[in-house]
Amino acid sequence: MGTGYLDQLKQEAFEVNMGIVRERLVVLTWGNASSFDRTKGIFAIKPSGVSYSLLKWQDMVLVDLDGNVIDSKLRPSSDTLTHLEIYKGFSSVGGIVHTHSPWATIWAQACKSIPILGTTHSDHFNGDVPCIPYLVKDKVENAYEKETGIQIVKFFEEKKLKPIHMPGCLLSGHASFTWSETSSQAFENAIALESCASMAYHSISLNSKIKFPKYILDKHFSRKHGVNSYYGQK
Amino acid sequence: MGTGYLDQLKQEAFEVNMGIVRERLVVLTWGNASSFDRTKGIFAIKPSGVSYSLLKWQDMVLVDLDGNVIDSKLRPSSDTLTHLEIYKGFSSVGGIVHTHSPWATIWAQACKSIPILGTTHSDHFNGDVPCIPYLVKDKVENAYEKETGIQIVKFFEEKKLKPIHMPGCLLSGHASFTWSETSSQAFENAIALESCASMAYHSISLNSKIKFPKYILDKHFSRKHGVNSYYGQK
Amino acid sequence: MGTGYLDQLKQEAFEVNMGIVRERLVVLTWGNASSFDRTKGIFAIKPSGVSYSLLKWQDMVLVDLDGNVIDSKLRPSSDTLTHLEIYKGFSSVGGIVHTHSPWATIWAQACKSIPILGTTHSDHFNGDVPCIPYLVKDKVENAYEKETGIQIVKFFEEKKLKPIHMPGCLLSGHASFTWSETSSQAFENAIALESCASMAYHSISLNSKIKFPKYILDKHFSRKHGVNSYYGQK
Amino acid sequence: MGTGYLDQLKQEAFEVNMGIVRERLVVLTWGNASSFDRTKGIFAIKPSGVSYSLLKWQDMVLVDLDGNVIDSKLRPSSDTLTHLEIYKGFSSVGGIVHTHSPWATIWAQACKSIPILGTTHSDHFNGDVPCIPYLVKDKVENAYEKETGIQIVKFFEEKKLKPIHMPGCLLSGHASFTWSETSSQAFENAIALESCASMAYHSISLNSKIKFPKYILDKHFSRKHGVNSYYGQK
């Protein structure tokens, strides 16, 4: 294993890219993850269209915030510019996971936000996970992946959503993105999103009028997040 | 492996904590199990927020019925006080399993009890598995986990449910608890609950007017439980 | 491994009992299988309530058609008398599988037959898989398992169903039985039943008015069964 | 492993036949795959009704476009003539996969095309995946498998669908076929079809009025296909 700093970044991104396959969030090559070093302004991301069964950590592609590939013969993921815009727009984000995980994608295709219905959801996402509208035609045709990232950032700004309190979103007709301070936390959020998406689908079919109390949402989110958190070992 | 009595208690709790992950009742760290020694008044429970992949039996935290941690540097599960109140309130219970297993949680989020629709269910639960209402606001804010346990005990008393005949419940907007005389039986009840929750969801969508006869319920429950039971090797 | 004739019967039954767990048709101990030697009038069946993880082929219990246990310290499955009545009533049957496999049980709990909607189903079952009504109260209370077997046989006689053309059924509020000339074929039918039960559930929710043509049903059933069959290597 | 040309064709077909089982697209023996060498006019296909657990690459059966078996003691798949007609009718196809994968079959049994609802689908299939009507009675009775292949080809001609842009279809009351230039790509299309079938089922139940924009469909299909594609490493 490499020991240099950028090798570590590649290894970190590699671990998460393999994790999303192992956890069945990714079928075929429908997903990618990246790890960002904000001090250096460089992120490591999966190469485009390479089969997960052949992937090595050395294959991760380093990209700077201008979109330049650093020292790699492989092309980065076709979704690279979306990752880049999220890193530029969300200053606290250090890792991003994009997957077509089935249940999150089911909501995305339905163009619906995932409603918050219980404490599993509120431990990770402080409210409904928003579904962002279809991009308009000329943005799709001219700079699809870049515009997708820009649209995510703009949506969060307009809705006054904090990226760390709402560490993910759906894209209409497409799939999901999750993020966090590190890529391994972004990976946990991707797992949580998929579980919550599945449970929400079925819970609303049992009861279309669920009103999950705000005070339980707040309690659970604050058990795990913020200065008064008391979950875990610290 | 340790040989002392409390080590055995830790090992017992550890086995069940690992079992609920292996059986896919737990995703990430969404669950915990405990084993209780009623003669000593001490239970062993999972430490809070520790990844299952790193867990060792020695990490189980011993807690007495006043909530004191005995000889451990780790903090016990954030749900410890719920376990504690159940042990205090249900005198026949020796093991408790808490999971966010998907199908049980789907019913809990829908704030609905799981109806008894067949013999799989009646072999384990002598009637509908009740869903307990949301806790009121000031109980959530002041002593959430303790109040959750108190509410479960009070609900069973008010409804005249025997904890050994109805060894589990749902909590609205949250997830499930199961219990039994031992933690390994509580684990079996957690598996049964998840299967029955899934099957009930789908059966009522095929036929919303199922009336499972009381005499078959009684027959199946008594095949496995009580003085005239004839299932198994004793 | 034993070499005597009855040891072979036990081994055959053991293989199928392990198979239904491996294929996830059985959770916990919710299922059992038996192999019948019609010339000797003896069948081998799983012992009652023994965990599958501990089961050995030597544990299979031999039972004759009068219900006598032959040379075993273990009690046979609590469902033994149901198997026995099916062997007595269906003269071509040499193996029986009983499982609470989820999708078949979902239909059984809904008290509905599984409609034939496609060729996967018609390759194995020559029509809707019938759901037999709840047993009446005094039969449940007096000789539940024996009456269950008698009811299956009587139902097939009344409906003029041939057990080899319709090698299985559901029991209302309970679960499924499949059978065939051998226990390994009965196992295949249990796998097919579970797949068809799941697919039928979802297909009718997409289209409640499916009319699968009788001539395709007949074609597919006759590709695999009867004198003009041309599927497989003989 | 054999080194001759036809041995390679057998090995290629064998790999895909094992893959469709490993990916759980096939239960029991409900599926088969073939690889075609258009220059020689010969394809290799699974033998009929042989259990996947016993299958060896040497068992693959070679068949020419007149339906003659070349140098094999095993009978080819009962669906061989369907494969043959597709190879004759679609001049760009070099590999075919037939499976009763559950979600695709659910749509086929419902006699409904799988609607295009998102980018996962449009990366592989350039529009709704069509469901072809039931064959009429005398075609089923006289030359079922051959007529099935003829019907697929005719349907695509009538609807002006290009087989490489729409590399698969459903057959009413039956199951799915996918294809591509190679059998390994046909296998990927079978995996994609199953995922898209499942996601479409659930998305339309959340929102029956989804209108996936044509310009996003076109963008995604052209990212992966055609002269301006920029997905992957070439």
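To keep things simple, chains are lettered A, B, C and D as they appear, and every chain counts its residues starting from 1.
By definition in this document, contacts are C-beta pairs under 8 Å (C-beta built on N, C-alpha and C of every residue); 3 or more make two chains touch, one makes a residue touch a chain.
Just so you know, these numbers come straight off a predicted model, no measurement behind them.
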Set of chains whose contacts include both chain B and chain A: none
Relative to chain D, chain with the most remote C-alpha centre: B
Angle, in degrees to the nearest 5, of the Cα rotation that carries chain A onto chain D: 90
Copies chain D and chain C - interface residue numbers shared by over half, same or different: different
Centre-to-centre distance between chain C and chain B (centres being mean Cα positions), rounded to whole Å: 33
Rounded Å distance between chain B and chain D, as computed from the means of their C-alpha atoms: 47
Set of chain A residues in contact with two or more other chains: 205
Topology of the chain contact graph, where touching chains are joined (line, ring, star, complete, other): ring
Pairs of chains found to touch, sorted by chain label: A-B, A-D, B-C, C-D
Interface residues, chain B side, partner chain A - complex: 27-28, 30, 47-50, 74-75, 78, 100, 102-103, 105-112, 134-135, 137, 140-141, 144, 173-175, 201, 205
Residues of chain B that touch chain C when the two form their complex: 117-120, 123, 188, 191-192, 195, 198-200, 202-207, 210, 212-213, 215-216, 219, 223, 230-233
